[in-house]
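Presented sequentially are two complexes of chain A, the first with chain B as partner and the second with chain C.
Up next is the complex of A and B:
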């Protein structure tokens, strides 16, 4: 093949992987040498050796991709960021709109305390430095769903900066190995959401609903430390889990509570970063990785064919599975940032700087918030590994599936079975059935109690492992019967009569002298045939380990 | 109205300009180019009208430029005249809303309970074509 192979690297894929200098030349200015709780100005990417799938031919290049993310998370609060109208997902159009949200003259912004606390909590959870003084600015642009003609945001001095997010990428064929990666958080800022536009192309008009206008958003800016769609999707998932654990945002992508824009560029390892494009409209976790990978490949193809990448904004078309240009070539937007004249600087305190006798409703103490931070997902995982001896990848799976952790913990509470058995059943069999029928944990026909009962029976050696699986299948189908009922109905109890079992084993051995000879000659695997025969004869109501023991005893005698 | 916008932008530029991108006069000749006028008109949706308005703008810039005469070395720029005030924090309670009918009265056109707007943005330069231009 004359044309060079186009390959780009990503952990877990078999293509060439590049060691990239995680600088911020990705349009964000020179890289700063800052300290992140121990890390000094180092590249935050996992340094991996250059692996090539095949011997490089002349003219063949490796490509490295660089992905940065801008994530907008809707703050979970009762009222909006600067007004007292309600925050709610579904409501009659324009019913949750105050005069300020509609930008009527004479109205002023009044900052919601809960939103500030949410921003501080999120900043602390992401190891950021909380700015004791932050400022609000106006970002101007015209659009029908932005009644004021500007958005109040924090461009000059945001509330939190210089943090990090650690996430685990599952590698290997069966995704058994978990590698921790880190992405730097550039900043977190408070800003207003805009209203919603419904485009009516037929009548050439746009319908505007301002219910969402003014809702508080946390914008989390992640540095371009990621190299592919999977890493980006995993980082986003981890952020979702953190926000949900903190309660600062429900981070539900389907309901628009979490929106992600990706900045993507490619370059040859060792060379400066390439021109980046912004990919918007990534509205589901599924499409996030797909869209980013598509864009990376598109850029590689374009450059390999001698084209160039334009610094443009593209949108992901989920039906076509590709990115398309979004804006026309009018040039860069000029947002005419200016300080928000109606809001003084936002000042936060800590235990040391808290003014004496201050009204507690009017001051925010960072240390107070830090002490009361809920348990973060990474800590929950560590506890699971320590308490139940499970593997890291198990803890990731338990947390990644909504409701699964709670299910697991409820089973553990009610059963006598070993945690390792519970882990195995929940992650393999239970989750397997759910996935097969595309069900969420909340839609499971089996309750934690039912599974707990089944596993207790298994633990007490009342039934065999294979019988337990049969019972599970029955439980799944019939919701009214208990495990015990199914066991007695189908007569799945293990044989308790050892004498009868011994007699059976003797009979089988006498009936198959060739196999016994084979065994005595040294073919140890032949015992499995005998075990199988005994199991068949007992209608699978005997424990294979017990059978094996009896057979071995008989053979040695 | 436009004059105030220009002056505010200039103040920010002279004050040290952290992150502001208002490029008024790269040559320093005090002349406002046609390109700049077009840019400003599109950004702020103002109509300069004629040569007279542009001349007034140039005079305003020259007037504001006199601020450069002040020595601000070592002086921290003021970010807000409200810098000594306390930012009031409101409790997270629902106290407003439920006035759709009142709000919709302000709209020229209404469909059910939605405000009606023209599709996308209409770029000044392309009023005849229906191209959807930059969306902030």
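Up next is the complex of A and C:
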């Protein structure tokens, strides 16, 4: 279908460009869009403590902020929610459009089973009650990328309700303390995605791409149980991990598969909630946290200066770092909800209600899905802590970075080094290198096997720890060489010849009688100078503990 | 002679007495001769002849696809037909060529039926006269029948006959006129509140509204999704049963169709009606009912009773609320369904391009007539948040009560309900347009729309001619998904009443100019 064009009077709308400029303009890599950078100790606006909300100056009222989220996750499925069109990101415009997606008159929706199963899985993973019967509704508004003039959603009776999501927030100077928090899930509903409008301001035209029109979405509505940007961002990150573990959504924010709107208000503790604003256009975790914190601060300032908060929709301007009111036609709109007459109620079964002899292709059994749920991130983290004696914050970091856990597990499998050593190397050195060069785990020049070999050499005391770091740097630069090759080329093996080392120690002692004198006078720290000199002479290939031992023996004899 | 109903024609085709091409050409020539009826919006001559040729090859091999192979049919212009313009009688869809066939159209094609054309209707099927479409009103063939003309001559005010033509009823009036004027053997209509049964009654045809969910709506451009069903117009009940047998069954493209397999619709010839219980709903006896229709209704009830059937008066207590309730639900769904016509993807688009909103507004103002726009406005009003409970929810509750009325009656042992289809016979166009579309629809759908609200099967069967020589039909209503039983009763009734065949030879004599002196007699119109 040719892209329909029309002239356009105004610009800007939710999601329209969520995935067009979010990644590139702000230099966010495609795959590490959701890094909570603070966990690695880098500074970030989002993670600065929210001073005003928590530390009132004397004589001032205390403020509390309330944050709720509405999250749209694109369902990972082969075809759309109500049509047989394929679902692909970045396909040529209007190449994935069925007659139904283009709302040709006479076409009818046919519910995609896979999308229903994805909703049930997500509902179960978020501890929801799954409604055995749910309904579809039409939500009406005129918009160029909504061809039918309405969106099919689940307003009255959604597929899942009353759940919860547990997430961990890191606290403390070194972010070592993990506090567990919980946000209630109000509901999960199935609905259609809209198409995309591309506004050409130069020619004052709008181009419509319907590839996304009709893709299945899970709308997850979180209760206002959060208090700041970081909590919201962390909760969203946890949801993202859960969706990815389930395979129900790729949940990539940069590609628009996960879109977040935040409801924000402030009030004095003990008083009713304040008037809330809705913040849209949040296309990365960093912006989500930033936008919410900005909005909280803005509301407090407004109220403290005698102003009032309007119930409005605001958009986050990522370049200015602030929220601005949207020229809002949607906000006050009456959506004229109506039952979708072309879809019968969606009926789900459990083991108890499953009719005898039911065709398994025709029915969905909640218990069957429950039994087959994959491991959730919280369980994975518990296992890491238990199995490897890992610190909780390390388990979070391992999961938060896409592909890092798998990398870690592959290294563990192939090395003789202690898990603690592996954890430390993967989280400090390996991840540090990746971050420095803005690479994703999948783009790492070092394979898990290579790192495993290196750590085995370290564990067997074939090389020193500092030599190991040197080898790591070489491995990073030249993919073709193994750790052992680098060690032998650069002669980095620890000296195994004790006699030679003893002779060397003897020679150093003889060459520095003043230092030996000091030592004998009782300045025990002077031994470090001798150790340093020996290490230098060995080109750092001797184990300092061995050197120390030899020196001590010689001094006492 | 090959007759005017399916069975003898089908036999004639099988025996080679007539070829599909010959049959097709006869019908095409009838279409030309009756062009002034305005029954067709698009005549698909080329397509029909091509299909006839294919059919001929199959018959030559002795491998016809089924009973409909080589049979000319017409389809209301609100069913999507691939590569054939589908307008809904609206400026909005003028020039719109769907890329796919409605399921029912495809099923007819799969049986080898020949598509003669797309028939006229009220814009988007909103009306009860077939007078409110952008292609002009449809004329009732009975206006030109010998039966009607002779009665008119006896009256003094018969001088201005040409402007005194009658409406067909609607909204499937084009389909009714097409079948009635022998331009095809069966036609598809749609029935949302009576749009198939009403013109069937006024044009002396059998009109079937199947149970909701028995026949796929995929490709039918919707009026009210929760009430629409494809309807069938034929010259006898058996023909309707053949077509319904072809159309019925689950369609994966329409989630509201029944999952259970459907058996073929073979109608036994009833000889004994003594085990039948016929219900006569007392609420259908309204003051506006013409005395002639009322007396025929009574006569029909007596007929059943005299043959041993149990005929009882029953009550459908919520009947009087039905038409108002229908109005709320109908306009609400209309408002929603019409939202897609915004000039972007297909259909009419205005020249205004200052903003998207201005483009929407002008496109919809130019594309829809007053009736459609009026219903959209009403519907949006009912759906507003502040009105939703008061109107829409309440109407839904009343709809449930109306449906329950029928359930209760059928549970009490009634097999079939017998009612009038319309208040009176067809009225002249000039008379009809004295009232607006809304008033007319409310009057004309009075006996028919409750059936749509309840999703039940119903059929209008012509019973007799009025004193004016115009057809009067009666309606039978059956239990949900008991369509076959309903049609069996209707067939028995049809056999008893022997409704006369329309005599269009009269038309020939009086309107020779229109017919360019061609003799109509060459086409066999007799039994």
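Assume the second predicted complex is superposed on the first by the 448 of 557 C-alpha atoms of A that agree within 3 Å, B and C clash if a C-alpha of one lies under 4 Å from a C-alpha of the other, contacts with A are read in each partner's own complex, and residues count from 1 in each chain.
By our rule, a residue touches a chain if its C-beta (ideal position, glycine included) is under 8 Å from a C-beta of that chain, and two chains touch if they have at least 3 such contacts.
Quick caveat: nothing in here was measured; it's all calculated off a predicted structure.
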Partner chain in contact with A:440 - chain B first, chain C second, else both or neither: neither
Partner chain in contact with A:498 - chain B first, chain C second, else both or neither: neither
Chain B versus chain C as contact partner of A:148, first or second or both or neither: second
Chain B or chain C, by number of chain A residues touched: B
Chain B versus chain C as contact partner of A:539, first or second or both or neither: neither
Partner chain in contact with A:347 - chain B first, chain C second, else both or neither: first
Chain B versus chain C as contact partner of A:199, first or second or both or neither: first
Touched partner set for A:108, first chain B, second chain C, both or neither: second
First (chain B), second (chain C), both or neither touched by A:336: both
Chain B versus chain C as contact partner of A:379, first or second or both or neither: neither
Common interface residues of chain A - those touching chain B in one complex and chain C in the other: 99, 102, 104, 110-111, 140, 142, 144, 206, 208, 334, 336-338, 341, 343-344, 362
Chain A residues within the chain C interface of the complex: 1, 4, 6-10, 99, 102-111, 138, 140, 142, 144, 147-150, 206, 208, 334, 336-338, 341-344, 362
For the chain A and chain B complex, residues of the former touching the latter: 77-79, 83-86, 92-100, 102, 104, 110-116, 135, 139-144, 146, 151, 155-156, 197-201, 204-210, 326-328, 330, 333-339, 341, 343-347, 361-362, 364
Residues of chain B touching chain A in the complex: 5, 8-9, 12, 18-22, 39, 43-45, 79-100, 103-104, 106, 109, 111-121, 123, 130-136
Contact set on chain C toward chain A in their complex: 79-80, 88, 93, 98-100, 102, 217-222, 224-226, 252-256, 259, 332-333, 335-336, 338-342, 344-346, 353-360, 380, 383-385, 388, 392
